[in-house]
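The first chain written gets the first letter, and so on, giving A, B, C and D; residue counts start at 1 in each chain.
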Amino acid sequence: TGGDGGSDTETSGDGGSGDGGSTESGSSGEASSGGTLQWGGAVPVQGLDPHLDSAAASSRVLENITEPLIQLDFDYSLNPHLAKEWTTSEDNTTLTFTLEEGVTFHNGKEMTSADVLASFERIANGEYLATGFFDFVDSMEAPGDYEFVINLSEPFAPFLARMATSEMHVLPEEQAQEDKITEPIGTGPYQFASREIETSFTMEKYEDYWDQDEEDGPFLDKIVKSEITDPSVRLQSFRAGEYDFINGIPPKDVQSVQNDSSVRFETQFPKALVYLGLNCNEEPFDNKDARLALDYALDKEQITEAALYGTGQATASPAAPGSPWVNEDVEPRPRDLDKAQEHLEKAGMPDGFEVSFKIPQSYPTQVQGAKVIADQASDAGITMNIQQITWSTWLSDVYTNQNFQATTSSYLALYYPDVSFYKFLHPNGAFFFTGWENEEYNELVEEARRLYDEEQRAELYHEATEILQEERAGHLLLWWQPNLYGSSTDYKGRIGAPDGSTLRFRDNYLE
Amino acid sequence: MYNYLARRLGFMLLTLLFVTVITFAVTNILPGNVALLILGPNATDQSIQALQSQLGLDQPLYIQYIDWIVGLVQGDMGTSLRFGEPVATLIAEKLGRSLLLATAATAIAVFFAIPLGVISAVKQNELPDLLASMFGFIGISIPIFLWGLVFILVFAVWFGLFPTGGYVPPSEDPVATLTHLVLPASSMGFALTAYIMRMTRSSMLEVLSEEYINLARAKGMTQRVIVLKHALQNAIIPVITVVAFQFSYAFGGVVVLEEVFFWPGIGRLTLTAIQSRDIPLLQGCIIVVALIYMLSNLTADLLYGYFDPRIRYGGDE
Amino acid sequence: MSTTTPDTEPSSSSPLLEVRNLRTQFRTENGTVVAANDVSFSLDAGETMGLVGESGAGKSVTARSLLQLIDSPGEIAGGEVIFEGENLLDYSEKQIQRVRGNKIALVPQDPMSSLNPVLTVGEQIIETIVHHQGMEREEARTQAIEAMTEVGIPDAAERVDDYPHEFSGGMRQRVLIAIGLSCEPDLIIADEPTTALDVTTQAKILDLLNELQEEKGMGILMITHNLGVVAQTCDTVGVMYAGNLVETAEMHELFRRPQHPYTRGLIDSIPQTDTAYDELPTLAGSMPDLEELPTGCNFAPRCEHAIEECRTGGDPALEPAGDGSSRAACIRSDELDLSQGYVPDDIEREAKAVDRSGQPLFEVRNLEKYFPAGDGVFGNLSITRGNGGLPKLERREVKAVDGISFDIYEGETVGLVGESGCGKSTVARTALKLLEPTGGEVYFDGQPMHEMGDSEVRSLRREMQMVFQDPHSSLNPRKTVGQIIGRAMEKHNIATGEEKRERVGDLLERVGLSASAAKKYPHEFSGGQQQRIAIAHALAVEPKLIVCDEPVSALDVSVQAQILNLLNEIQDEFGISYLFISHNIGVVRHICDRLAVMYLGKIVEFGTIDQVFDTPFHPYTESLLSAVPHADPTRTSERIFLEGSVPSPIDPPSGCAFQTRCPKKIGEECETVEPDLEEKEAGSGHYLSCHLSVEEMSDSESRTQSAQSAEPQHGD
Amino acid sequence: MMSTSTFSISDARKERFERFVRKFRNNTKAMIGLVIVVLLVLVAIFAPVLAPYPIDKTSIEDRSEAPSVDHPFGTDDLGRDIFSRVVMGSRISLRVGFGAIGVALAAGTVIGVVSGYYGGLVDELLMRLMDAMMSFPPILLALTLLVVLGPELNNVILALAFVYTPYIARVGRSATLSETNESYVESAIARGESSGRIVFSEVLPNTTAPLLVQGSLNIAFAMLAEASLSFLGLGAQPPTPSWGLMINTGRGFMQTAPWMVIFPGLAIAITVIGFNMLGDGLRDVLDPKVDAIE
């Protein structure tokens, strides 16, 4: 997974792909090599340490620079990558990887299992994004130059999936010994060239890429990302011909972009889940009825429409639409002011209540949605005072100190249900902050982590979803939103990456 | 002149001291936890504490202040928490561009403002004066960012004459640098023109009522000589101060304008620093901007001294 | 010396300048103000004509009208200005530009603000020459240097590239004259060319003008409000009053036999240095506001000879009067004989009985006040280049008052005179502890004020009051007169409520205003009235001492006399003591018992009026006295011209402070040894600070008074 | 204006007031400014009556409608009536302008007058402090303060008050300095007044004119600053109808729904022009030098 759910400094709609098919546009002719891609990017690239940096914007470029042993494909299957094959033992506790030979890092050195071991040990012994996952790892070995073994202490289903993210990308041994990495060296098709903080980022083709291919590239000589955070300006500049490609088209402009024949418009759904976070440790939302009152006061469809102009989808399930984890029976509560009033009375606040509503200002769709939420809530007598805050304030106030009553945030369309169900909603989850706890729920999602059988797991998640809805969890889910891309018509190749939050440029080219 | 200069520098040092104190005080009460921001939400308490002590954040404030000042004096502004690069490097990269933008804006403004101001003073209460003063009021009454938006819409989107924003380094393509500069510089220049023009006008009016202008008339000098030689040379002196002030204003205004035009200057860097609570970076940005401000005022004082013989030759005044 | 030029015979040809029925008016929000009404006069080549009158009479407007220099909202509404046979008022702007500065030059009043600060003085002269005579710059430069030399600027060739601020006031006035002269004009209009200058400098400039005229033979229109200046420079005189020319006459004739009562009043009210009166003759009231002129003769309300006809019969025209060439605008000029001026009682001035045996009321010992030079806390630090070229930090100070001692007894008036900047005001302020003294002792009634704390001093303030030079600024514009005066009473618990109101009314009446003035605001009063209010304010707390800092120098002569008289009366009535500060040595004679002469922060002479005004003189006192122009053309005196200007108090000369300018300097001693202020004659109470012997100081080789100066009323 | 007999204004004061009114009337700039400001205040007072729709009522069906009879200024992206929001927005602008400058005037005047009157070290330190405060670009300083204080309209007012205090203080100081040159101050000292009383009772009333002028000009600046801050998202919070915030939102609709920017933009411009003209005009009117009629 690219980022920690929605918690990175990115503006609205951007991310990866996943909705197979729609991003492939008539790459009829022969792919042509060369050229510089001018990319109008939404969020500035943050840190460049693949193991440390949670920002989607970072992952978006790192995806092309460093590589994992196992890669996620567009059909959500895990495929061998730097490991040309892997085996899992009967009891699901020993993982054995056979590495590709002849893979070189951008510094020219060949990749061996020593590098993999060093990279994973770095994560296991440090304070990195995936460090927690190594709690389930007993030992790691590199018996041969091209063989690598991991022994788990118990079956742990999310581990392989996690390996496919940049959190567990492979770095050369020397770099794996550094605490912090600013110029990553990887094995990917593109190598880091230069960057100017908050302004631009440049990657160049790595000529000795191990997996070069006439059909799959890499083709582009250079990719220059200009970082234009304002979606309207970005779109304007794109239309003025300054960029070949942009991500994060504002939903309101989708229609006009679609109608523009000189633009190749791509959408990838879903990309991120936006939710309304309620602090269940504090008045008034420590009261389930207060939460229900708010739930009934809101028309999720309307809110989604207001924010996304028909590009999104209201939801009541944290599982990505289209995945087997979705419980189709659970739907957003329809708006019902009478019920809202009923619950207000049950909560002992028949005249409603007033709360602060902290919105991270860099997410226009969330701000937009918040305005409608506040308006609708006011009809039920619930006053929500919007306060736009910076991302850093959000992190410290809302997330760390839990000094909030209501907020909005998002997480990326993570195909792996563990993230959706555990990371945010289980008290031990890495991103648990709303304070909503439920024994039954916790047991369900813990159990699901240990199961490798899809159907069984799905069953557990369906149940968990029901509990979320019934108990009105601190996450009042709002909508799924897509990734919206635009490019010039001579920009070819599949846009995006399977996990929804990143971009793969490998097979992209300019005609 | 030496005394004058020495005194200005003395003032500046004292002011600078206050500037550092204010900067330090304000930035240190910014909400948010830096360590958390760096380490990300997964960090443990121990690692947060370790990082804090590594960053010196567990020291008493006054020690932090002194450390900071000592560093500043040695040209070391610390390391950006967010980007892990030396603050000085980060700022140096952006500073030039903001200066370029502010200079261009000021130059545009001066180019138009001074003749306009002179004309409207000479034709006081006549049509040119009224037109100029309308222009002036409009110029100062519309927020710069709105001008920016309007200029983008008209000149970039409708007519496609200039790029909508962004920056190209002159080393890459000097012509592109210029075309990218035109819109931001002129939308800010527009607002500045109004200020400088008003100042020129009132300064001219004041000078024109001076006794020595009367004498020049009594000597039979023509209107042209009186206005351009006798009046303007005196009136320009206070205008210089205003121009310098406007330069610093332009420099401050870039915070918003750079955001509008995506001009990667120190204004945007400051916003980034604010948003990510990158204290060393924010402190660096603020100090540098304040320093530029003070330097431009110092320049104004020096120019003032240079243009006003009473100070140039007087030693004291 | 002879200051009057021989009478020019009325030339047979037409006059150089003839003004006929000039009328200039200003549109103001209250209607139209006619600042020059029907002004007619003529001026011959080589003649000097004076234009006198009180402030606001319209002198400057008249002068500026001649060159069409009136700006909106003013306009020249009628009349003709015939110059060289042509009417200048018909000229276009282009044409008149060729006359201005070329044929007719203007020397403005204020040397401090009339030169362009950013152009060198040379440039300001050169541009005139180049403009009018089309000369090459090099040539013009030579001519400019010549002009500067001519007006007595030493080392003109070197100073031509200096900027105005590098010149002293007197020198700047010379530059202005040089500009005027640079194109050798036929007529010079000098608008109060000396008013802003010290007496000593004033004398030099007037002399210069006289000389230049003799040499070049141009006409001069000399505008002034000082009859003394007229007496020394003019051939003919025009007297203006409220926009009208009320009398024109040949100068001697004017003084001998004025035809208009106003002229008479003006002449009389000038205090003479060498005459003492108890009561100065005054012109009652003040000039009417031009916006609301009386219906009859403008002067009628103030005229002691006015009859009913004067008040109703409209403004009289200027008509020949008397048997000479005089013309006057007075219907009674034929019947009145105004040749006899005010004759003071022939009695010796009744020496006030000041008892100086006991303890003085107010005593100042070695008072010092140093100001930091420059502004700000660090301002007085200055960087100077040491010998080695290394900059060095230095603390510089203005020694404004440098060791001054004097005392004032009850009921006594002690005067303090000296040139501008010598430290008079600073003495007043530090003595009253309005400023913290740098050193020295001050005793009031035996109490050591220098040792008192703030609150003690504050309660002592009841005993000591101050009257300031500028009455306008000494009254808070936001408070009514009643509030201002009443506040003083409240502050010191003298009266409150109804009683206070009554006393304010009484006081106002005492100073010659009506009790209803209490409800008005200060700006509604004329300068003289405001000064009366200021005096009432000082009197409100029933003080024992009033310090008057130039209380009359901002006022017109006629009003000046009224205020001086008022001060005298009040002293008689309440037995108050005064410290009276003035730069006008003529004024002090009429009010002071003893007098201190200051130069550069020190007292150089101190004694009774008679002692100071008579030999032995300190050389500085002597030159001060000689420089005062007297309003009596029949008397001439040798002027003593002082070299250079007052040295900077930042670094005063070594030895005797006056040595750099002293005409009687004896040499080494003066330069190295600082003379003490000592009684030259033990017990006389006459202190002098000079290395000269009494005989040398009494020797007036340079002070030969002409025979006729032995006038009867000389009351020594 | 207040000609009732219950008010016994002294003749002189009345006359001075009338004179002021006369000069004011003759000054076109001042009059235009006054008319704009008065209209603005009226609009703000009667805003709830004038605004046809509630300002925060979203209605997705009506989003981004062009100006029409129903919605004279059109609707925004959430279907809210822009006319109503612009009208209600006048309250925000006025509140910020008057609030911030009111506080700044109070603080700045005291600092300026004290500094000017006492001089010396007090003056030096205070003024250098003011210089230091002025060394930060206003927007930048306000922005930083707002991050500290939290984005809220009242904090905007506080931050702007802080930012504009030194400007007022400077004017207050120079006005005081020129007043202390007048000898009535010395006269008061000679009368034995305490310095506190002199500062506040004698000097202060005489500095009102320049402060008034500076104040009204700064109101204009403060309004602009509020717009900029809201534009950057750190000022007023939605759904507050701050004009700057409206422009910020409308910014993305410049091409599709320009009315979202035009009307709030015009509102800001006119308001700021009004205060600028009023300030400028007041300067002329209060300047004793400009006595002549126009």
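Everything that follows uses one rule, which is that a contact is a pair of C-beta atoms (placed from the backbone, for glycine too) under 8 Å apart; a residue touches a chain by one contact, two chains touch by 3 or more.
Bear in mind the structure is a predicted one, so any value in this text is a computation, not a measurement.
A.B. asks: Can you check which chain pair, B-D or A-D, has more C-beta pairs in contact?
C.D. replies: Result of the comparison of B-D and A-D: B-D.
A.B. asks: List the centre-to-centre spacing of chain B and chain D in whole Å, with centres computed as mean CA coordinates.
C.D. replies: That gives a centre separation of 23 Å.
A.B. asks: Please work out the Cα centroid separation of chain C and chain D, and write it as a whole number of Å.
C.D. replies: Distance between chain centres: 47 Å.
A.B. asks: Rounded to a whole Å, what is the gap between the Cα centroids of chain B and chain C?
C.D. replies: Using C-alpha averages as centres, the distance is 50 Å.
A.B. asks: What residues in chain A touch two or more of the other chains?
C.D. replies: Those would be 230, 390, 393.
A.B. asks: Spell out, as numbers or ranges, the residues of chain C touching 2 or more other chains.
C.D. replies: Chain C, residues with two or more chain partners: 376, 378.
A.B. asks: In chain B, what residues contact two or more other chains?
C.D. replies: Those would be 11, 31, 152, 157, 259, 274.
A.B. asks: When you check every pair of chains, which ones turn out to touch?
C.D. replies: Chains touch in the following pairs: A-B, A-D, B-C, B-D, C-D.
A.B. asks: Under the definition above, what is the set of chain C residues touching chain D in their complex?
C.D. replies: Spelled out, the residues of chain C in touch with chain D are 27-29, 73, 376-378, 429, 432, 434, 457-462, 464-466, 468-470, 473-478, 480, 487-488, 491-492, 519-521, 524, 534, 537, 541.
A.B. asks: What residues of chain A sit close enough to touch chain B in their complex?
C.D. replies: Checking each residue of chain A against chain B gives 4, 7, 9, 44, 46-47, 52-54, 127-129, 131-132, 180, 182, 196-200, 226, 228-230, 233, 236-237, 239-240, 242, 362, 390-393, 395-397, 399-400, 430-431.
A.B. asks: Okay, in this complex, where on chain D does chain C touch?
C.D. replies: Its residues touching chain C are 10-13, 16, 22-23, 26, 120-121, 123-124, 181-184, 186-194, 202, 205-206, 291-293.
A.B. asks: Okay, in this complex, where on chain B does chain D touch?
C.D. replies: Interface residues on the chain B side: 11, 14-19, 21-22, 26-27, 29-31, 125, 133, 137-138, 140-146, 149, 152-153, 157, 248-249, 251-253, 255-256, 259, 267, 270-271, 274, 282, 286, 289-290, 293-294.
A.B. asks: Going by the contact rule at the top, pick out the chain A residues touching chain D in the complex.
C.D. replies: Chain A reaches chain D through residues 230-232, 250, 252-253, 256, 302, 305-306, 361, 364, 367-368, 370-372, 374-376, 378, 385-390, 393.
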